[in-house]
Amino acid sequence: MTFHRNRLFWPLAVLVLLLVLNIFFANHFFRITVNDGHLYGSLIDIARRAAPLVLVGVGMTLVIATGGIDLSVGSVMAVSGAMACLLIGDLDNQNSLPAVFLAIGVALVLCLGLGVWNGFLVSVIGIQPIVATLILMVAGRGLAQLITGGQILNVNSAPYRRIGAGYFLALPVSVLIAAAVAAVAVLLTRRTALGLLLEAVGGSPAASRLAGVQARGLTWLVYVIAAVCAGVAGLIYSSNVASADSNAAGNLIELDAILAVVIGGTALTGGRFSLGGTVLGAVLIETLNVTILSVGIPVEATLLFKAVVVVVLCLGQSPAFRERVLGRRRTPAPVAPKEEVAA
Amino acid sequence: MTETHHQPMDDVELGPGSPSSTIESRGRRVNRQHVPVLATLTLLALMYGLGVVNYEGFSDIQVVLNIFVDNAFLLVVAVGMTFVILTGGIDLSVGAVVALTTTLAATLLHAGWPAGVVLPLMLILGTTLGLSMGAIIHYFRIEPFIATLAGMFLARGLALLINRNSIPIDNGFWVTIAQQRLRFDRGVFISTSVIIALVVVLIAAAVLIWTRFGRCVYAIGGNADSALLMGLPVARTRIAVYGISGFCASLGGVLYSFYTLSGYSLHGNGLELDAIAAVVIGGVLLAGGSGYLFGTVLGVLVLGLIQTILNFQGTLSSWWTRIVVGVLLFAFIVLQRVVTGKRAVTGTR
Amino acid sequence: DDSGDAGGSGDDQITIGFAQVGAESGWRTANTKSIQESAKEAGVELKFSDAQGKQENQIKAIRSFITQRVDVIAFSPVVESGWDTVLKEAQDAEIPVILTDRAIDSTDETLYESFIGSDFVLEGKKAGEWLVDEYQDQSDPVNIVELQGTPGAAPANDRKAGFAEVIAAEPKFKVIASQTGQFTRTDGKQVMETFLKSHDDIDVLYAHNDDMGLGAIEAIEAAGLTPGKDIEIITVDAVKDGMTALSEGKINFIVECSPLLGPQLMDLAKKVAAGESVEKRVLTEETTFTPEQAKEALPERKY
Amino acid sequence: MSDDAPVLEMTGIRKVFPGVVALDGVDLRLRAGEVHALMGENGAGKSTLIKVLTGVYEIDGGTVSLAGTPVRFSGPLQAQQAGVSTVYQEVNLCPNLSVAENILLGREPRRLGRIRWGETRRRARELLKRLDLDLDVSAPLDTYSIAIQQMVAIARAVDIDAKVLILDEPTSSLDASEVAQLFAVIRRLRDQGVAIVFVSHFLDQVYEIADRMTVLRNGRLVGEYRTAELPQMQLVTRMIGKELATLETLEQADRAPTAQIERGRPLLRAEGLGRRGGIESFDLSIHGGEIVGLAGLLGSGRTELARLLFGADRADRGRLQVDGEAVALRTPRAAMSRGIAFSSENRRTEGVVGELSVRDNIILALQASRGWMRPVSRRRADELVDRYVKALDIRPADPDRRVRDLSGGNQQKVLLARWLITEPRLFIVDEPTRGIDVGAKTEIQRLMAELADGGMAVLFVSAELEEVLRLSHKIEILRDRRLVEELENTDAVDADRIMQTIAGGAAS
């Protein structure tokens, strides 16, 4: 337990640092006002921006817990937004609530299907996850473009807009959705045995098979969850600008999501995972993006800035680094990095 | 954990009736290890045949040679990636290193530096970057994925900082090499880069099969902790592997700059994924410890062939292009599975 | 090596190999569509290849067109530099090349027959000129924020440069923030959100394309401001959505960048294939729009 | 065997893991030409001491000196270069490489920098021959059983030209003849002047081979003794820190109450079951309350047989009945639903999940059989875990500790606990006492006997013939992957009788 808290200390510290940095550049950075009956302010912006990444990250965490990886999340986001916008755009009355719900439902079912596909390739056919999901990463964006005909599909639907740009009880709906999904995921994994079984599968597939864990079903399940999460993220993304851009939606989000997962203390090799850590990681990444903008770092240097932050963060998180360089003699882990040395 | 096994090839004792086969089924196993590669080769030939049957002019030898000409840099990058993946790591920075190499080389050449200085400098730069990532990964136990992701940001960031525009290269040496063509009869040709790439492949293959270093790479991929306890030079090898990848990436960058005669910070975007895909399609396990370099060559050819087919098809819209790439990839990988009769990774011994 | 002696097949139908950048925007898709449709109309066989934004893919496609012995090769270069080698191969194979939409910076002008497309620098200048004109009576500083395109992309570079050149003439114009919006709506919106938080004295927004402008409009509205009034907006492209916003007064000025190169390209290709000489530089017919002009033009806007 | 200056001396060694003081003030003195046993219960710190010595872990205090000069190795590589060769507990080889490579990795014969593969294989075969093993050295290591892998690891260590050879539980899954081979090699090396550290929980072996021993308890030094001067009972007392009255009683009392159980309808019955390349068709029935022992040599197919009955591997011929009902056990899951449990001999890769806590590991099988939607409540889990942590004396008794940080023996106990809480009707145990100390071993044997009395059937696989004899009602003997004989374990049956069959004597 203390171990985990320890790992999250650094992301938290960096997060606070970035937030503080913002004060010097953005006026009233921490001020939250009420504007048009909803909250308005930089912090709210960060939360809203982080919503899709949190969603994708939650799904990614579960996939990574089983020792897999999902590169297709970005494409799935594009597909989901495209499908929803296509259907809604065809409606006579775009403001009809049931019709919009139906469209959203269809889009999510489509994503579910894509998740089933990924899961099938990984768990039944046994293709290595990175390649299995690479297939959908490439083809999925094509599919999304096929749906939109390569155009940006505009919708003019008030209910749909609320998902990404609307407010409920003065709070952004997208943030509420992301929080709800994250909470459900936490409950699902920690209140049922799902978390334990996933960690077992990720920790040692062979051992968990012999312990009777149905690795195949579970592996399949996480890809489905990841795709649905990405689908919801795609809806938020497209609703935010009331249009479906199948090219930009979710572009490169898989890298950010994986980064968020790792910052959150989940090892890419599978095994123990921390959803809370991922959420923190996602918020940190978006804060970083906002900071780059508000500090006004020149376009040319943004990547460098990101690199520096990531390096500092990871080194800070690494006990080995603290021990060797900062000279803090503690937690001498075995020399070998990942697997069991103790015996 | 690992399913495929590789076996150093040796001409001396693999013959039939090898005295080492104490159990009959074992004699056959040696061959079975080559099955994935053979299957890939067969499927590749099949795909090629498909192209020949369907498209006019596809049978032209130049079509095949073009795959090499057009993918020489990818091949070199993928060779470096193979080393990394064999140890169970990954290197996401390669695409960005390619970009950095081309940008910096173009800038320096533009500033009038001689090619004889720029070229080695680029290779040293890539290798150094790789080595430092390796050191961070090994000593500070940072996930390779993250360390090299940071490396990717860094390299591309530097490239952008140097110059965000594309810079033409007009250095004499560069231009000569770039436009040098080795012509055979009937007008078919290859470029200098192809020769360089093939030499790299041969050297790398030899290193993997015939040197202690190469075997240590496999050992680390099989089980890094065991390798350490067995007294292998894990630190040195792991760091070196990233160094090799960095070297290959920068050499790939140089080839890329021969290929386009320009430097640009967005060159090689997504190249890392292509390289990883090529390596994995070639039968190397991402978990490490298993696979051949020859497989990587096949993987690159598969990707190249898919693209050639698309270019010959010439009627696909942008989105169908993507979908068809996905479908072809899928078909290829699934057939590969079926042919080699491998079972699911999860839950098998 | 001239064994395969070039294209120019005897029959009257010509084949064009066209290597497109990708399908990264609505503009690009309209461009592709225009070329495909006019090829059909002109009775030209079109070999189409999508490079997905990568120069290497485009080079591969061009090389493949050479082996396929098409009559004319046309392409929109992903970047400016780095085409000499492959274009020389085309030249050796005696296949004429036409550039569309974006230029290349080769010193050897014989490598291509013609370049048809817009002048991005000019577009930036047009945007700047309108601004200068609009604020000519004002002497207070004018605070401008800029949404750039993808860093390093030619349209982004040139539109920035052209604009900067014009406004540099008057010191009252100040670009107080300039960031990339990656040519997308979402990024445009998000960057604008942050701009609005860190600067409360923005007068003008200059976006390198309509999409980013449209995203920014959402951000401005969410901040309780009125786009087009509180903050004046200039964009480039004139796609349908942008024109709609322009006609609603949410955008103040759009510089057109037309994707409809198809018919002009087909004409050129036929001439080139027939061995006629053509102009080295063909400009696409483009204009600029104010809200009033937009209202008129909107009904027959195709893309 | 002399008391002259030690080749290697460790003094006042201290090693702290977060929350555990693994070693404190431990001394170890090795002299050239002696076999030195390192003794202690599970978790006493033996393996840690070895790892500290060879630089796998950093030392927190104390000194090490080699031939009089202080050293501090940075890792196994450096230790090897200085002449300290080690076989660590658990097999630490690369499963993906061939046997030959595993033996010679890092030392392959070369010519002009190029590895000579033919020569490599030849040398590997030669080395194995010294251990009386004839394997296909070009086959990947993981096609062989744990026992063979252990021999390969030994062959590797023995080949290194070493002044000090350290063997951490090298015999834990070897049977008598392999142990004899190993000892022959050890003696030869000893006579050549190598100092050898030998760790084992088999007291007989220790007394057979060791000249001297160092006893640890709870990470502290108890003392150094000449083997000849310390009787076995006293050694045990030193190790566990109290008189072990039960040990003696167990030695006698736990002999199997020979075969007086009712043999009605068998719980499990296999007819002609087999698998190509694994084990030939065999017939076998197991009744409730019965302990069936499997005996055989290394690689005779015991593990293969056990795995078939659990569905860990799929049989490709024959029939299987459970409770008289025909079943096809395609997956472990299917077997579990029939009340069958299986603890693998390969606890590191197929047993425990190292990253998870002791608690999670223990409830894993139970939870898996319930499915993820019906979690075992935290209270129930704690109850069960507490019970078995106590019953099996798992140390440290902290359910939140990661299993990978436990000592080898304690990991084994966790594995057994995992299956015991599922209350199986048939418990297949493959080498359950591997690496378990004397006290715990008798404890486990008694547990098995007790559970059998309570009606559970046990299929007991062990390389230790005595153990099989002591526990089983019925003994199945395997040879060359074929079940060759079934014996009721009557008084007439003894080790010699079984060895005869195993060795392929007239019996079959």
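In this document, chain identifiers A, B, C and D correspond to the written order of the chains, with residue numbering beginning at 1 in each.
Here is the rule we use: a residue touches a chain if its C-beta (ideal position, glycine included) is under 8 Å from a C-beta of that chain, and two chains touch if they have at least 3 such contacts.
The shown structure was predicted, so the numbers you read here are calculated from the model rather than taken from an experiment.
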Pair with more cross-chain C-beta pairs in contact, given B-C and A-C: B-C
Approximate Å spacing (C-alpha centroids) for the pair chain B, chain C: 35
Rounded Å distance, chain A centre to chain C centre (Cα mean): 33
Intercentroid distance (Cα basis), chain D paired with chain B, Å: 42
Between chain C and chain D, centroid-to-centroid distance (C-alpha), Å: 71
Contacts with two or more other chains, residues of chain D listed in rising order: 56, 75, 88, 349-350
Multi-partner residues of chain C (at least 2 other chains): 23, 29, 32, 151
Residues of chain B whose C-beta touches two or more other chains: 1, 160, 164, 223, 225, 228-229, 234, 317-319, 321-322, 349
Inter-chain touch pairs (all): A-B, A-C, A-D, B-C, B-D
Chain B partner contacts - residues on chain A that touch it in the complex: 66, 71, 121-128, 130-132, 134-136, 138-146, 150, 201, 205-206, 208-209, 215-216, 219, 255, 258-259, 262, 267-268, 299-307, 310-311, 314-315, 318-321, 324, 333-341
Chain A partner contacts - residues on chain B that touch it in the complex: 1, 136, 138-143, 145-147, 149-151, 153-154, 156-158, 160-161, 164, 223-225, 228-229, 234, 273, 276-277, 280-281, 285-286, 317-327, 329-330, 333-334, 337, 342-349
Chain C residues touching chain A - in the complex, by the definition given at the top: 23-26, 28-30, 32-33, 148, 151, 177-180, 182-187, 189-191, 193-195, 197-198, 200, 211, 214-215, 218, 222-224, 241
Chain D partner contacts - residues on chain A that touch it in the complex: 1, 191-194, 196-197, 199-200, 203-204, 206-214, 218, 271-272, 331-332, 334-336, 339-343
In the complex with chain C, residue positions of chain A that touch it: 25-27, 29, 35-36, 40-42, 45, 49, 145, 149-152, 154, 165, 237, 240-243, 245, 247-249, 289-290, 293-294, 296, 299-300, 302
